[in-house]
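Chain naming follows the written order as A, B and C, and within any one chain the residues start at number 1.
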């Protein structure tokens, strides 16, 4: 097959898939600007009776400003903690050769397999004992704990791949483990950290189970919880429901478009490691 | 805190290693370990203990040993639901392996050479993965709606009325459709991971093969795929774990009961109904039985992961 | 990377604040009220802890939270709360609903961990009784006026077998068929007097290219609660008939039950072609668009129909009985309000509960949320015409009864299937044509007789 034929096939396949991806998203956005009846009569055309009602109602009923800021605080702090303590742990797990570290590695990645929802009741008691119920601070330690398995899994594997001579050289130069970790290892970990960050960001931003259990008052609601509550109220009003869903989806889409360049750059850096 | 100190001492005693950096390692591990223990491991372990108890609501107090597990496997009602859920979850997982990961491999392969628009396509393919599962489920429910959804409208307009089916309403049809929706959302994950893997394939190797007259097909199977094997392993195990915990997409598209007729009931929806929400309309959860369902799920996952670890170790020794 | 990530996140924080600023423009009119409400809430949650000694509750400012599954009725309950506050200025009521599917579980978690609302909606029969049995609901045996304001049958769904009440009944719901008057007129159809006439009318509509019934089975519960359990009383003879099943005098596969399943089979040609994937809300929309002429639904949907079905005249009628049978209507006790036994403001909570007995409350509820019928003996007449149509069914009927499975049939021992689930599964199987009415009734009987002691004699080999 000629190179040209190959690239034509590439374009066709990718364009078709892109259409399959974008079409539903397009219907989500355009339908959120249509009155209910038009959504059902003409679900896929451009809005004829353009309306902002869905968005106006959503902002009026739900304090999306509060929801967004809460979710951002929770997501950002959780991610920073996951990357920080996760990379420290991964460094030790990769470099400490002992039965205990093997055991701890297995222990950490075992968390990938268990639905944390099962521990909800115990967590409720714990959060209450800490006096954190009905605050966004109740979510952060849980998300950090939830993020540990994937962080240790990805980062440990990545550190193990790094050439051992590099670490030896640093040690011979008299660097402490803390210096080797923070000065030598972390910069090389960037692509893996980006992967861990993106994985966890998606999970944390969209989680609605723990907010549902821990949070009642409006001041502490996250986007996902706000959406699920408004969604229940609007389930017969698709204009509003779609506006709420769009409101929830768009910030993360923007963040993703901004981050995806970083993400891909990180991966390219990963390819030339060592 | 004191517990941690104790265990630290014990470790030092038990593992009389020459590694002088041991304290340093423990210092590195401690923050992660504490958070993980307190907010995940202990609550989860405690709920495994719950699977040995029975009682109404969230405080099962009567110790019953393994009775919950015995009921799960022998009582006709539980057995039917449980094995139904195991079967459905397995199908759900297999469809992801077949569709999501194959497409991911294909896309990664198409995207690995540099060409115009590559970055755009890559961004688009990953986009649905950034959306909430509820948003995706709801959107596709609209598109698949039998009365005014796009799919059926298009089918009818091109004269294929007989194929305009109630996609989410037929047993045997709903589960594959929901699985495909989920695969649509998550295909970006394997794509990105395979892409990362492909970037590690040395370009000289591919050039040499091309000069030798190898076709792209041969190059893929003979050079790229063997080098991608570790990534295939990681992608498979993540797909396995994620899909054996899947809940939101079925909840959004088929409800917590896995309609129609439990044909889309997954282990996680069964667990949710049994242990957390209770069955409509009474809604009294059986936390002990729920914990038992989660316990069995845990052992299934554990078996799968151990199998993978075994295979990947052996694979590593072969190389 | 981390630095860049952080920069990007900060950009997003700024962006969202900008969004918030833009968004606050349309909110502006509401703004003064909203922040006040949110600030009042935290203060209120602190308050009970501070006033550990409820010595003189009358002098203290108290905020009570009211948990509910009625997310649709926020506006109406705010009116009710305002009226109550006007009368008791030191008590503020905050309505705080949870989505219906999450309600039971969320409430239980809250009660379990001591974070439950002061007052909450209590489901009738099993669920409420179970919570009371666990000690989470305060007993109301001393609440003044309760047993005078309500008839025994009205509060029985929220009382123990010995008659100890634990919640004040607030509303019952009725059921019926919503119909499109214009489509009926265009096809020369009168409100049918018998089931046979209804089927003939459905045939006519189908031939005219109209979907006769908008009901589907995607959500499962509605075909059971608003279709099957609406038809059953006329088939079995209302309350007395139901008692015959509960006493074990009749088996659950009796001819009467087969007749009810037969009616589901009769409906099969007249539901939407994609009924398996048509949800409850899809059904309401099919009706609202004028694509379907009728829909079985509950009185609680009056407001939804009013909002969506604006292009044509519509009304309600009760599904008629089979020719030669008497009409019985399903009028179902739906909601009561109970007080959290652990509430720090139990006295204030009881003040509110006693207020629920007044005509003032009945009027506020019945007229602000049409379709929820106040249950007090002296409840004043309602103003909503559709709500009054629903009420008129009770007078046309020979008798009224609750939904068939609600009493006693939903508490099987672990590992057995309850009557609700069994009936639901078999109704869907008949509508899909997978089971005949006889097979469905036999399966229903086998499921229930397997554990319901009075029916032990009905177990067939």
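Here, a residue touches a chain if its C-beta (ideal position, glycine included) is under 8 Å from a C-beta of that chain, and two chains touch if they have at least 3 such contacts.
On a predicted model such as this, the values are computed, not experimentally measured, just so you know.
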| item | value |
| --- | --- |
| Label of the chain whose CA centroid is most distant from the centroid of chain A | C |
| Which of A-C and A-B has more C-beta contact pairs | A-B |
| Gap in Å, rounded to a whole number, between the CA centres of chain C and chain A | 37 |
| Rounded Å distance between chain A and chain B, as computed from the means of their C-alpha atoms | 16 |
| Where chain A touches two or more other chains at once, by residue number | 40-41, 120-121, 191, 228, 255 |
| Shared interface positions of chain C, touching two or more other chains | 102, 109, 112, 285 |
| Shared-contact residues (touching 2 or more other chains) in chain B | 58, 147, 276 |
| List of chain B residues in touch with chain A within their complex | 11, 15, 17, 19, 21-22, 24-26, 28-29, 31-33, 35-36, 38-44, 46-47, 58, 103, 106-107, 110-111, 115, 117, 119, 121-136, 138-140, 142-143, 147-150, 153, 184, 192, 195-196, 199-200, 215-216, 241, 244-245, 247, 268, 271-272, 275-276, 287, 290-291, 294, 297-298, 301-302, 305 |
| Chain C - residues contacting chain B, complex | 101-105, 108-109, 112, 123, 126-127, 130, 134, 216-221, 225, 272-278, 282, 285-286, 291, 410-411, 414-418, 420-421, 425, 428-429 |
| Parts of chain C lying in touch with chain A, wherever the complex brings them together | 1-2, 4-6, 8-9, 11-13, 15-17, 19-20, 23-24, 26-27, 30, 34, 38, 41-42, 45, 71-72, 74, 96, 99-100, 102, 106, 109, 112-115, 281, 284-285, 288-289, 304, 307-308 |
| Residues of chain A touching chain C in the complex | 36-37, 40-41, 56, 59-60, 63-65, 68-69, 72, 76, 79-80, 83, 120-121, 124-125, 128, 133-134, 190-191, 193-194, 197, 212-213, 216-219, 228-229, 232-233, 235-237, 251, 254-255, 258-259, 262, 266 |
| Contact footprint of chain C on chain B as seen in their complex | 54, 56-59, 71, 75, 77-78, 144-147, 152, 164-170, 255-257, 259-261, 276-286, 289 |
